[in-house]
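Look at the two complexes coming up: chain A is in both, with chain B in one and chain C in the other.
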Partner chain A sequence: MKISKEKFGQAFDALVAEYQIIAPVSDANGIAFKGVKSFSEVKQDYLNSKLPPKAFFFPQHEKLMSYKKEGKDVTVKSELKVDNTVLFGIRPCDAKGMQLLDMVFKNDQYTDPYYFERRDKSVIIGVACNKIAPTCFCSSFGLSPAGSEGSDIFLIDLGDSYDVEVITEKGKAVAARFEELSELSADEQALVDKIKDAETSSKVDVSTTTSKLDKMFNNPYWDTLQEKCIGCNVCSFSCPTCHCFDISEEVRKNEGTRVRTWDACMAPLFTLHGSGHNPRDNKKARWRQRMMHKFNYFVHNNGSMSCVGCGRCIKGCPVNMDIRQVIDGANKAELVVE
Partner chain B sequence: MNKIINDIRETARQLLAEGKVDVVIGYEKGSLPLKATPCFIHSSEGVDSLIWDETCENNLATYVAKTPGKKAIVAKGCDSRALAVLLQENQLVRDDLYIIGVSCHGVIDQRKIGAEVGEILEASISDGKISVKGMEGDKEYLFTEVKDATCQTCRYPNPVMEDLHIGDTIEVSQEAAAFADVEALESKSDSERQEYFKEQMSKCIRCYACRNACPLCYCQECFVDCNSPRWLTGGVNRAENLLFQAGRVMHLAGRCVDCGACSRACPQGVDIRALNRKMTKDVYVMYNHESGISEEGKPALNEYSANDPEQFLVKE
Partner chain C sequence: MQLNPYIPITMKLVKNLVETEDKLINTFTLEFLNKQDEENFKYMPGQFAELSAYGHGEAPFGIATSPTEPGILKFSVAKVGCVSNALHLMEEGTMVGVRGPMGNYYPLEKFKGKNVVIIGGGFAFTTLRSLAKYMLDDKHRGDYGDITVIYGARNPGLLLYKEELAEWENNPNINLITTIDRPAEGWTKHVGFIPSITEQIAPSSVDTYAVVCGPPAMIKFTLPVLEKLNFTPESIYTSLEMRMKCGLGICGRCNIGTEYVCKDGPVFSMAQLKELPNEY
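And then the complex of A and B:
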């Protein structure tokens, strides 16, 4: 079924009364997900945002609670105010990335209230990629530029209209506002099929990577792999699935806040103990951790690789460390007896 | 193959084969068009991946102190200046270092190209022309049109110190340093300047790529990572971002070699260099000092000279 962009725009603008709407916009720095008030502000022709939309559920620097001591009284406040939100224009890689983050923030023992308060109040309207960047490699992971996984409503841009697929109950509530849905013409159906069949031209073989990494903890591959890495946080911060964080206290006199801040396995400080000991005190150990976490530990713990092939780390890396080459190198590395 | 590349490879081959160095740090072809990537060659069999062209944008001096053993490095003017400052600051042992000097006409500003043609699909460079196939269209550029801003004001395209020079040297004008870019920013009103830096700092995500790409940011513990005292929170906002960037620039006063590695490393396109250039100009004007232009000498703030112009002091 399809909806004209005119009708969709009207429904979108009407949603503003009930939802905070986040959508891709074009700013001086490229494409970014930002709050919008009208469909006219939305950038429709875009590859993907420079930074992943994960920050809407998992902010880079988040106040968890604040506290104040007066005499012997201590007051603790946790102010988590979350509006119902629609995230529009999320690409299939990022929608999948959010599903992977769900696995991190909820397990059989613990559900992270900060993450899920936002997540549960959000509706994701995914939009298929009509254009595929040379650094996109989602097809490597069984994903697709037109994959609807992780979206509540999934759209395919047909020029003047959108093909609409309602995926979840949450999506249904929003899609109920879409009036005048009509059938696709034969030409439009052909276009939808073409977009759905598209794959990324860049692919890396990950079929044996996890089992190979099982045997690579002490492999010399890591010795040379890490040499050119400068240890910044670009790859982690631009990754839709990286989720490591630090919790710290920001205290002044008798009051303070507890904050959660993005951290990264590439930073030496991430694993530095209070004693001064650092169990991952070199880049070799840190790169091994990055690869093991994404392509081995996460698979063992959650049944999926923790990479969606968005290519942001490839584009952003100041020294051109290309994760596709790193995976390929691990696949081809000679095994040593451990 | 171009003679410079051939000579770099032969030099590297010889150095490694004769055991004069343990590793050669140079550039190889990257995985993306118009991108070279730093490489570490450990044996003479590996030298044929070494390249040299207008895509060799990283400052390799950043790796030298952290790389164990004896090392050779392919150095442009700015890499050699950074090495000179590192030597002045006793961060390197000169005998452990073999500098393969190459004169540099400048590197390509890929952002400028990307902004016009979209994602770059293919590119080739020949005779000062760059042909690019992009997702939004194809275009041919003259190298001078897309030369990185840093390279446009570069006064030291030739290495200031080297053990071997490969290729020709570049003739350099003997005129005093020009700071038209800094003057343009200085001529703005306070509020205009404030707006400019507000906009720039709001883009920073505190990934520290600038700091880590900088050959002269080598503090064992950076002030941003220090938690006792805690100079900065992890808060990513304009005020804290500016404090970080301004703090970094102050630490580089009289040391920054204006290589532009910080700006090129920034994934967010923050104009970091605007701050560095102002500081470079101030050091030039106040102390008549340019950093790292010879192996001898000291950073401006490590030395007292009665001949400083000292315009900032009140004189009778």
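And then the complex of A and C:
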């Protein structure tokens, strides 16, 4: 079924009354996901945002609680107010990325209430990629530029209209406002099929990577591959599946807030003990951790790789590290006796 | 555990005791403010908690009390950083935050019907004290065979829990061996490093589990001794330390291989550690 962009825009604008709406807009830094009030503000022709939309569930800086000290006493307060939210224009890689983050923020023992309060109150409207960037490599992971996994409603842009697929119950509640849905013409169906069949031109073979890495912890491969890395962390901060964070305190006189902020396993202080001992005190160990975590440990724990091929780390890297080459290099590395 | 695992309960610091002669380790006794908090804080020896010194931050410490000691929690903490320093300076009566209990614990079910050898060095003795105290309790003592404790420090003044050690000396339910690195005036017990004292004492490995905690050098040289005594990797346990933040297996900081030390550990058998990258 399809909906004209005019009708879709009307439904979108009507949603503003009940939902906070987040959508891609053009700003000084390129494309960013931001709050919008009208469909006319939305950038429709875009590859993807510079930063992943994970920040709407896992903000870069977030208050966990606040406290007030009076003499020897303390009062602790925690409030979490979350609006119902629609995220529009999420690309398939990022929608899948959120599903992978779900596996992190809920484990066999704990559920993160801040993350899931936001996640549960949000509806994801995914939009297929009609254009594919040279850094895109989602097809490597069995995903596709028109994959609907992780979206509640999935749209394919047909020019004047959208092809609409309603996937979840949450999606249904929003799609109920879509008016004058009609059948696709033969030409439109052909276009939909073409977009659905598309693959990223860049791909990396990950079929044997996990089992290869099982035997590579002490491999000399790690010795040199990271030499040019300057440890800036842009790869982690722009990654839709990276989730490491720090917890710290912001204090003013007798009042304070406990906050969590994005952190990265690539940061030297990340694992520094109070004693001064640091289990991952060199770049080699930290690069190995990043790769092992995404392509080995995460697979053993969750049955899936923790990379969706969005290519942001490749685009953002100031020294041209390319995760595709790193995977490829691991695939080809000679095994040594461990 | 409460609904939001990031929010600490409030406990009162009732005693801030300088534990060692060098004044670098204090033992904090915290009191539960109400029955409900205590009810929700069901723990076992080997588990840890995140202590909040409000205004300074939060850090993880092993619980030194045993669940057989109601009403309180104790932590023996070395002064090394921002939070531990703030705790050391804290006036008695001050409220602190506590999140926990966290992590797994010593496999006391497996230990049932077996002998247990506890080997500790320096201030890594805290959760080992909890373990010994638990097994020595009247309700539990019958569940275990011989309990041997080999505990060492650089000098007598650095031993933790001196009064309790004196009690254990005369307690027929426990075989306590204390040692210091070099001879000291007035010291009549063992002198020597933990590995060589362990070799001298030569605890039998038959039907016996060993629990070893201490500085890396001590562990490194004690393990071969235990191996010589025919302890298998499956029968030796230790507790790992890693930098932690959330304590919930989410923030990524304490990740080693497939494990998160905060939720899958901190207690691991040597057999388990052999399967993990040596990154701790």
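As a convention for this text, the second predicted complex is superposed on the first by the 334 of 338 C-alpha atoms of A that agree within 3 Å, B and C clash if a C-alpha of one lies under 4 Å from a C-alpha of the other, contacts with A are read in each partner's own complex, and residues count from 1 in each chain.
Quick note on the criterion: contacts are C-beta pairs under 8 Å (C-beta built on N, C-alpha and C of every residue); 3 or more make two chains touch, one makes a residue touch a chain.
Keep in mind that this is a model prediction, so the values were computed, not measured.
> When the two structures are laid over each other on chain A, do chain B and chain C clash or fit?
These partners fit in the superposed model.
> Can A:Asp152 be said to touch chain B (first), chain C (second), both, or neither?
Neither partner.
> What is the contact status of A:Thr271 with respect to chain B (first) and chain C (second): first, second, both, or neither?
A:Thr271 contacts chain C only, not chain B.
> For A:Tyr110, is the partner it touches chain B (first), chain C (second), both, or none of the two (neither)?
In the superposition, A:Tyr110 touches chain C alone.
> So, does A:Asp73 touch the first partner chain B, the second partner chain C, both, or neither?
second
> Put chain A at the vertex: what angle do the Cα centres of chain B and chain C make there, to the nearest 10 degrees?
90
> Kindly classify A:Asp163 by the partners it touches after superposition: chain B alone (first), chain C alone (second), both, or neither?
neither
> Touch test for A:His300: chain B only (first), chain C only (second), both, or neither?
Once the two structures are laid over each other on A, A:His300 reaches chain C alone.
> Scan A:His243 for contacts with chain B and chain C and give back first, second, both or neither.
second
> Quick one: minimum Cα-Cα distance, chain B versus chain C, in the superposed arrangement, integer Å.
7
> Looking at chain A, which of its residues have contacts with both chain B and chain C?
Comparing the two interfaces on chain A, one with chain B and one with chain C, the shared residues are 246, 248.
> Applying the document's contact rule, which stretches of chain C touch chain A when the two form their complex?
Contacts found on chain C: 3-8, 10, 54-59, 78, 80-81, 84, 91, 93-95, 97, 216, 241-243, 245-246, 248-253, 255-258, 263, 277, 279-280.
> Using the touch definition from the top, list the residues of chain B that touch chain A in their complex.
So the residues of chain B touching chain A come out as 30-32, 35-40, 42, 58, 62-63, 67, 118-121, 135, 199, 203, 205-209, 211-213, 225, 227, 233-237, 264-265, 267-269.
> Across the complex, what residues on chain A touch chain B?
28-30, 47, 50-51, 60-61, 131, 133-135, 224, 227-228, 230-234, 237-238, 246, 248, 250, 259, 261-262, 267, 269, 314-316, 318-322, 324-325
> Using the touch definition up top, name the residues of chain A that touch chain C in the complex.
Touching chain C from chain A are residues 64-65, 67, 69, 72-74, 76, 78, 104-105, 107-110, 112-114, 217, 243-249, 251, 254, 256, 258, 260, 263, 265, 270-275, 277, 279-280, 285, 289, 292-293, 297, 300-301.
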